[in-house]
Structures are given as structure tokens and as C-alpha cells.
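Residue numbering begins at 1 within each chain, and the chains themselves are lettered A, B, C and D in the order written.
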Amino acid sequence: MNQDETALFSSDLVLEMEDVINVSSLKHKETGIKVDNVVIEGIPVSDVTITDQGEKNTNKKAGRYLSFHLADSDGEKKNVVQVISHAMTSLVESPERYKKILVVGLGNARVTPDALGPGVINYLNVTEHLDVKPTPSLSTFVPGVMGVTGLETEALIKGVVKETKPELVILIDALKARHVERVNRTIQLSNTGIQPGSGVGQKRQSIDQAYLGVPVISMGIPTVVDAVTVTYDAMTVMSKYFNKAQEALRAPKQRLFQGVLHVGDIEETEPLTGSEANKYFGLFGSLSTDDQRHLINEVLTDEGRNLIVTPKSIDDDIHYLQQLLAKGIHDYIENAANKV
Amino acid sequence: MNQDETALFSSDLVLEMEDVINVSSLKHKETGIKVDNVVIEGIPVSDVTITDQGEKNTNKKAGRYLSFHLADSDGEKKNVVQVISHAMTSLVESPERYKKILVVGLGNARVTPDALGPGVINYLNVTEHLDVKPTPSLSTFVPGVMGVTGLETEALIKGVVKETKPELVILIDALKARHVERVNRTIQLSNTGIQPGSGVGQKRQSIDQAYLGVPVISMGIPTVVDAVTVTYDAMTVMSKYFNKAQEALRAPKQRLFQGVLHVGDIEETEPLTGSEANKYFGLFGSLSTDDQRHLINEVLTDEGRNLIVTPKSIDDDIHYLQQLLAKGIHDYIENAANKV
Amino acid sequence: MNQDETALFSSDLVLEMEDVINVSSLKHKETGIKVDNVVIEGIPVSDVTITDQGEKNTNKKAGRYLSFHLADSDGEKKNVVQVISHAMTSLVESPERYKKILVVGLGNARVTPDALGPGVINYLNVTEHLDVKPTPSLSTFVPGVMGVTGLETEALIKGVVKETKPELVILIDALKARHVERVNRTIQLSNTGIQPGSGVGQKRQSIDQAYLGVPVISMGIPTVVDAVTVTYDAMTVMSKYFNKAQEALRAPKQRLFQGVLHVGDIEETEPLTGSEANKYFGLFGSLSTDDQRHLINEVLTDEGRNLIVTPKSIDDDIHYLQQLLAKGIHDYIENAANKV
Amino acid sequence: MNQDETALFSSDLVLEMEDVINVSSLKHKETGIKVDNVVIEGIPVSDVTITDQGEKNTNKKAGRYLSFHLADSDGEKKNVVQVISHAMTSLVESPERYKKILVVGLGNARVTPDALGPGVINYLNVTEHLDVKPTPSLSTFVPGVMGVTGLETEALIKGVVKETKPELVILIDALKARHVERVNRTIQLSNTGIQPGSGVGQKRQSIDQAYLGVPVISMGIPTVVDAVTVTYDAMTVMSKYFNKAQEALRAPKQRLFQGVLHVGDIEETEPLTGSEANKYFGLFGSLSTDDQRHLINEVLTDEGRNLIVTPKSIDDDIHYLQQLLAKGIHDYIENAANKV
């Protein structure tokens, strides 16, 4: 998780980049961002490729990012495990080439919303130390966080990689989201590594293939948001709601019966724009959504009110997510073993 | 903590009742609410009394509520312990009368922000079972929550009180706040007991002196807020900020030098009103603060977006608060022992 | 677990009573102890009945005790769950009569080997609080231990039973064994309740049907032994080993080839007796096994060396056992529901 | 802790080597073992030096070992902290030379008796990452255990040391004792590093100055013993008891009054020898103490009964010991800082 968590616009999710959100896959030559929406095991997966040109245009590293959402429904677990495993296979392309895998659990095991990575390790069955070991073999490492170790996490990982020589490194980390509904819901996998403190002024070393010398898969799930996000999301929900409510009011049925207004699901509704936005939300409403977020961030940060929060249910959520990722990794390894 | 946590306007803090906030202590005969602001051990404490008339006017039980805030500064701990102990003594009036104390830790020990009560118990030194026991003696009870026990918490407590016959019961519970800055900060003590699910349609039995048959002190600290609160607070901060910014812009110094605008601390600033509120925030801004909160709540709840959240730092915070309350209880007992 | 854990001969297992061990099922009229050995789901189960006469002859409460051992092999789990469930059904005779079940987890959740009971609760799905609840319904209670609550555990349970009126109470507790190989291995179920501090001078109230007013099933697994037990067991193993070794030495094969002596499994071998016992172990060896244990206990207790110990693997073991008992209870409830 | 814990005679304590126990400090030229008994802060400390010759004679690495016991009494804590700090200073000789310290917590954080090392880390305040850092600065590392990581612990440490370049490494590990009374009681500090699986056939790489390239202090406390140890200790206690009892019986007072025999404290009493040993314990008693232990080990190991155990109180004990070592390290750093 980012060290400086109050950073403006910080999000660890590629899906939350404006450029990705708005880009059409046709014009990806100019933007350097290619977005494919595919369906794996019945689950919609966003497949984003950022070229070197794209990296210059954004603050996201060039590479490939696969993202998908967990649904509310129970019983989806098996599907999700297969999507994770499928996405990993897709990112490494030739899973049979990597015969020694190291899984690194980033984050602080004693801070519940930051314990995603260390907790996944507890659910993995390592094999690297066995006399007769399967291929690929599995080992794990929990480096801890700088506030507890006093050491740069990237240096610890590099030292261990140099000494133990894995052929593929899987990094797992809790992320920060810019949309409340993604918290404990969106799973992002990429081959770009992890940038500690990305989006923050202070540049820190990326933990990636260039740095470690071996291919890297990173897996992350956002577990926290800031007050700016909660507020911005709520204002956007209200703007959409008012928009839909206006339509609903104009419907003949509503005009005839004048009953209680049922606005219903606003998933597909746009926020208000133009004079409507101004009518309901004044100058604030007239700002672009980007500027609205900027403004909320500026004010809350100035006043020291930009609290980082996590759902009250985090204790249960995090155990579920840890097990899910561990199962995904085991499934990937089994598939890779079958190809060896 | 309330069972139905999305309840409109739910707050467990008396300080957050509009009536308390607005009342002048002069006119308390009509409202039935008397507010005294005192200073104990250098810390400002709000001392609210609600009469039977006041109970009818509000949804808060008649009795006395003492509340105060933890400051940021370290090293305040000793003071705070004494304020807790002093407030307890003040609520029971004659501490020497209660020779057998039972502390009940409410909440779910396995949900971090709900573990305030069960955790306090871990820091208490019980004496009830000793052959030679001090007066007052101390015993503890952790009833668990209905989702885990399947039983009504109030019934468990009543059963134990009947069987073990304490002379004073201290209830400890994590609360829900309606203002972000109170989270893990405001300590409220009262002699009114605890109403599970207060403010929620479904009426549940109060855990109070009438129900248990012995005097009750309840101690609570809010550890969660909902998205409505985060949003409402942020909008209010912005409104205050704009108000102060307008003043700052009118200042000669700012007009002359046209530098970066420093708005500064807005603690004492009021939110915008009237045409100014409308200019910046449109129809939304024109609503009363009460209606704004109602509106945000209605929309977020309708759309299933009213997440309950807790600070990311909750793991550390909760341990600190548990120890604080335990020390306060020990200090109260020591003082009571000296009076016996 | 017994409060006074250094009590001479203390064991919570009926299987470890000399009378049970030696009794033949034929002469049970005099002893008041009837022992049947049956096989359930492929697992040998000892079914001991103690009559009122038997209670006078022993320090064990009259009633029925079912005991069995967990084997080393994996994959036995399903069988074991069914044996637990079968034994419970057998103890209550008419499971369809008990429509409201309360499971009580005895012991200290923060002392690993004592956390069996409280931990089982975490794996149970309660239903008592549901609007539409199955029959039998399930609720739970964790009273804590006297050192933490200051209160007598039996009083807490009685208070809760009076107030919530279950029709069947299931007590779960960690026990103490008198044989090392039973630790984390032997499961004992009975309908006699639990005697806190049984076998200890100080008589405490039994938690049983007479006290609570409803039928009681108690389930226990030993998780600790004392140094006396470890020592006595080791001396007995040595005595058996020497006995078997003497036989082995007399075998023609051994006399011919004079190779390394392979003593092999001594499970079926008796300890040395008479002059052989004296030869190898002197006066100590000449004592009855009972007196040997008495002597070791006397000396270690006198010298303050009778440490209570638990296997190093207790953290893993206890979680496994907690889940096992919880599954057994769920299976019992499912079976009972089918009979309603 | 040793990987192969059933290893014959395995002990991680130098104090438990026969050679150390029996050696007189006069003849240390031949044995290569020098034993000094000193008193630091009122606590007796054994100061053992093993030369290269001594290393050949024993299976203990050449270097210096400082050991002392925790007493029962409360309130000794401050003294003990100073002894730890003093011993560390003594082992490094010039503390002001080592400006960057890495503390490594060995063992499995999820196995209570093995969590000594990882737990100490939780109580340390690291400074290595601060912009303005004190000298010496402090950092920490928890490598995990091979069963969880699949990797050799020594390789992980070496990788981290190479990459982060500390000037002094402090290793903390839970040990295994050969005497029950040392468990959670004896603290051993040395400059020889740690030998994973020392005393076991399979040779593993030592974690020491030669391997890591920087000076090493290792700190250990035994937290487990095996059944052999418990048995051997109990038999020895009995032998001493009988010896003292015989003397007591011969005392005129006892002969006159024939009351209950009070044997009293046997701390200073020797076990029985010669014909007396044979009388009470037969052939077993006639063996040398060394051979007795060998025999018990052989039989229990053959029969798969050599359980590793830990005191029932381990949960509380381990937290106390973790804090103690952390305070010792902080005190050492403070002293070193004053010398810089």
C-alpha cells in the first residue's frame, strides 16, 4: 500500500485511470493504451495494455493489466479461482518456463486492511524445500513494512531473490481505490511489478522485472479508500440519482399517479451536466468531475480531514480474499505442472 | 453497536443530538435538556442532563451524560484516566455504596472496531474470586453478540446479574458517530444504560437500571461512521472553507499580494448560508444541514451505498482505547476503596 | 480444565480409571461399572456406564461415557464426525425431544491448550436468533474462566440457562490426561456433566442436569499432561521394552545372528513384574504401578517440579480439534432435524 | 529451534554440555573450555569461552557464551534488562564500532513456543528508515521458517545482509533445553552465531560471522523440552529425594518423633550412587547419568513417544520474554549511543 496515502488522486488500479476509462480501443495508437473487455469463466475481465508511449502519457508502468470484480453472490468462488489462475497464465504466457516460483506477501500483517499479502502466504503450501519437489516448486517471503523493519522493502526482496534465485516472482499487496464499490471487490493482476508510493512525489524503486531480474506478476485488491473518495462517490451517486429522478418525474405514469417516487437502480445513469448540474450543486456542480475530486481533496487535505478508511467488515473480508488468492495461485501451479 | 447500522440519523452520542448542540442551558425547563460545560483535570467535559420531559422530546433516555474528547498530543494519558474515573464517580454519586462491580464488555471480539468492550476486559484485574478481596471487588463478563451466540445480549447479562448479584454494572460498548472527527476520540459516560438498536424502528429491551435492578454506568467510544457521515462532514468542511476563503480574499493583504491563498484553520468558521450557499452548492446547498444529511442518507441507502467504515489505524487505536478505559476503571475502584 | 492441576491422580477421562481399565463386563453388578466395546463407523468406541453404586466406588459421576481415539491417518475426518454425532444421539436417546440447544465453550480463549471450548463456538452456525429458525435451534455461550471473570463459571452458565431456557446443554472443555498418548487424541462424551476441579479436595458445584435443570452432554479432549504422567509413561514404556527385549534375546534367530536388537512395537507387551521388575528398576520397580505414580507425584509435587505441559504442536492441533467437534455438533443437529 | 528435535542429547544451551558442567576453570588449557562465574547487577552469570581446541572436543562452536537464569520473583525486570544489555556490550567489546544494527527474529510466529524471535521484533522501535537517524540505527527482519517459506533461513538472512549492509547482526531464537527448570528461564547470549539443526547428523550452514561477513550476537531462551528430559529430570529428582530422605531418617530427631518425614529442598543434594542407586532403581539406577539419558532417549525414540512439550503457561511466558529481550536490546543501543 502506498506510503503516502493522502497523495492526490492516488489509486493503484489501472481501471481508475481517466485515460483507461475513456479510451476507445480503436484509437490506442495515439494514447498508448489498449483496452479489451473479455469474458473468462463467465466473469467480465478488463484487459488493459499500456505501451511505452502510454507510460509517458500516464503515470502507469507499461505492461498488461487484467482486472475483474467479485460479485455479491455466494458460490462464485470456484469461477473466481479459475479467472485468477487463467489471468496469471495469460500474463506469463509460457507458464512451463518458470520452474521455481516465489510468492511475496507485501504489507503489514498486524494492520488488518494491509494484511492481504502476508495472509495469503499462510494459505499456501510450499514445496521448494522438499527432497522430491514438484515443478514448478513454490516458496514464499514476507518482507514486512518499512515502519516495522526500518528497511526498504524492495531491498529485502532483491536480496532474497539474488540469494534464492526464483524464476518467477508473484507480488501480492493491498491497494487503495478511488471508488468505494471497488473496495474488497476488484482484483487486479499485472506483469508490471509494484511501485511503492506510486503517484507520490517521492520516487521509490519499482519492484519489477528490471529491478529483480526475473518476471513478475503482481496481484492486488483495494482494501481502503480515503474520505475524498467516499465523498466524491456519494456526490456522484446523488447527481445520478437527481438525473434519473428528473426523468422519472417526467414519465406519464408518475405524472398521473403522483405516488412515491421510485428512482431505482442508477447504475446506467450519467451524473447531471451543464445547467442541471449547476442548478442542483451550484459552482461545485459546474466543475468537471476531475476538478470536483481535486477540490475535495485539496480542502480535506488542507484541513487534515482526509482519513483513510476500511469497511467495518474488513476482518472477515480479508480472510476470504487471502484464501481466494491462495487458491488462484495453487490452481495456476497445478495448470503449469500439467504443461511441464 | 447498533444492530441496524444504516438507521437514519443513528448516533449513540448525546453530543450529536441537534437539541443538545443548540440548547442554551437557560431554557432547559422547556426542552428538558440541561447542558453544563465543565473542566476536569484540564480537559473540557460536557455534562448533559436529560429529564423525563427531555426523553419525550428526544429519543435519548433520561439521565446524565458526560462526554469529552481525546486530544492528539501524547502524554495526556494520565489526565484522561483521571477524567474517566472522576466522571464515573460523579455518575454514581456515592461510590462507597457499591461493593461489588461487574464490568460487561459488549461487542464482537473478532471484529476489530467492535472489540472495544471485550478488549477492555483483558486489561482488568478481577478480584471477586479472591479469598480476601478488596472493596469494591471486580468481576467481568463478555456476553458476545447475537450473530455469534444466537441469544439476546440483554438476556445473557440479566441472567448473569441475577445469579451473581453485583451492586453496580459497568457496560462498555463501541459506538457509531455522526461526525468523523469523533471517531476513536470522543468518550461518553452515562448512567442511562445502553439501548441496543436505539433509533431503529424495532424496539429492543434497554440494558439499564430498570431492567437489571442495579445501577448502571455505560462507557462508549465511537469507532465507526457511515458513508453519509463522511460525505456530510466533507461537504460541511468545504462550505466552511469557501466561507473563510471569501473573507480571506477580501483581506487587503491578499488583494495586494495575490499570492497563494492560505485559508487556514476553519474550526471557528460557519458554513455558507443563504445565497452564498446556493451559489456554491445549488439547491443542495440551500437545504438545511439537517435536510442535507437526510438527503445524502436517503440516496445512499436507496442505492445500497451506505458503507460503515472505520479508520485504517483501527488495530492500534482500539488497543490504546481499551487500555485507557481499563485504567479509568481501576482508578475509579482505587478511589472508591479509599472512601469505604 | 481442573483448577488445581497438580491434584494427585487427576484425570478427566473415565477410560483412565483403574476400575474401568480392569473391569470385566461380567462382574459389573458388584463394581457398578459396565464396559462395552463397540465399533461405530469403523472406529472402536468404549461405552462405559457407571451406576450409583459405581459412583460410590469411584470418584466418577454416575452416567454414560463414550470414548474413542483419533488415529494418525489423514482422511479419517468424516468418520470421526459421524462417530461424534452418533455418540451424541446415543447419549440423549431421543434427539427429537430437544428443540433448543445451547453449546457452552468452557476454558480460556487466550491460553492455547485451554481454548478448545471457546474455539469450537467460532466454528458453529447459530440459528436461535433467526426469524424462521430450524428445529433444533442452536445458540452458544462462552463464560470465560474464573481467573479472568472473577466469577464461578457454573453460576454464569446457570444464570444464562435460566434466562434463555435451552432444552439441551452441550458443554465443551479441554481435559487433562494421565497418559501422554491420549493428549489431543482421545474424545470423551458423556451425559454426566462436568465437575470443575474433580478429584481435587475442594468440592465445587457440578455443572450437570441436576444443577442446570436440563439434560447435558459434555464433550472433552485432553490437551495437557503433567510431568508425573510423562515420567510414569516413559518408565512404563521402558519396562515394557525391557520385557520384550528379553524375549527377543531368547529367540533362536537373535542368538544365532547376534545383530542389532530390534525390539519392535511394544503395544501388546506387559511391563516387567516381580523379580524382573526389581532387577531392572530396584525398589521403585517393585512398587505397584499405582504406587509408582503416587511416588513420582509426591516427590515432584513436594519439590515444585510438576509442570503441566502441552505438545509443541498445540496451536495447529487445537484448531483441528475445534473444527472436528463443531462438525460433529452440526451433524448431530442435522440428524435430529430429520427426526423432528 | 532445531529442525530435528528428537536428536539425541540435543541442547542449544552451552550450560548443559557435560564438559562445561564438570570443567574446572583451572584445567581449561586441555579441554579448551573456560568457565567464569561472575555477578552482574546482582545476578549470577556464567561466562563460558570455548577455544578452537574446545570446539574440537565438543560440538559447540568456538566463542563466548554468557548465560543466566530468571528468578521467580517479580520486580527483577529492570536488573535483567541491564544484564542482557551488559552481556551484549561485553560480547561485541566495542559497541561504538557498530553503527547499523539488524535484529533477526528466527522461528515461526504462528507456533507459540517458537515465536520468541518474531515477537521480539514487535516490541522494537526501528530507526534505520528515519531521515535523521540515531547511531547506532536499528532495523529488523523476520525470515520465517522453512516449513512455511520453503527456503533455507540462512539464505534469506544472507541475502538481506548483503543488500542492506548492517554492521552487527543480532539473532534471536527459541531453544530446546535438557533440563525442565531452564524452560522459559535461562537466557543465553553468544558471539558464535546459530547452527540450525546443531547436534543433528545433517549438517546445515551456521549463521555466524564467517557466513554473514559481520559480527553476530545470538540470544536464545529454551521454550521446549522433550519427554526424555522430563523423565530424566524426574528420575534425578527422585534419586536426590531418596538420598536426602535417607539422611533425614537417620537424624535423631526423626528417629525419636517418627512424625511425617519432611525431606525439604533437595537443590544441594546429589543423586544416589553405587549400591544405593542399585537398591532403589536397579540396573537402571546403576547406569551413569549420561547412560540413563541415552537409554530413555533410545527407548522413547524407538517407540515414537518422545513428544516435544512446552509449559501450559507458554502464551503468557512468551510475551513476557519477548518484551524482556526487546528492552535489553534498546538498553544496549542507548548505552552504545552514549559511547559514540
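One rule holds in what follows: a contact is a pair of C-beta atoms (placed from the backbone, for glycine too) under 8 Å apart; a residue touches a chain by one contact, two chains touch by 3 or more.
Here the structure is a predicted model, which is why all the values come from computation and not from measurement.
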**Prompt:** Cα superposition of chain A onto chain B: how big is the rotation, rounded to the nearest 5°?
**Reply:** 180
**Complete:** Here the gap between chain A and chain B, centre to centre from mean Cα coordinates and rounded to Å, is 35
**Item:** Where chain B and chain C are represented by their mean Cα positions, the distance between them in whole Å
**Value:** 47
**Prompt:** Which chain C residues touch at least two other chains?
**Reply:** 110
**Asked** If each chain is a node and each touching pair an edge, is that a line, ring, star, complete or other?
**Response** ring
**Message:** Can you give me every chain pair that touches, using the contact definition above?
**Reply:** A-B, A-D, B-C, C-D
**Item:** Complex contact set, residues of chain A against chain B
**Value:** 5, 110-114, 180-181, 183, 224, 227-228, 230-231, 233-235, 237-238, 241, 263, 265-266, 278-285, 295-296, 299-300, 302-303, 305, 307-316
**Prompt:** chain C touches which residues of chain B in the complex?
**Reply:** 110, 121-122, 126-130, 137-142, 144, 146-152, 155-156, 158-164
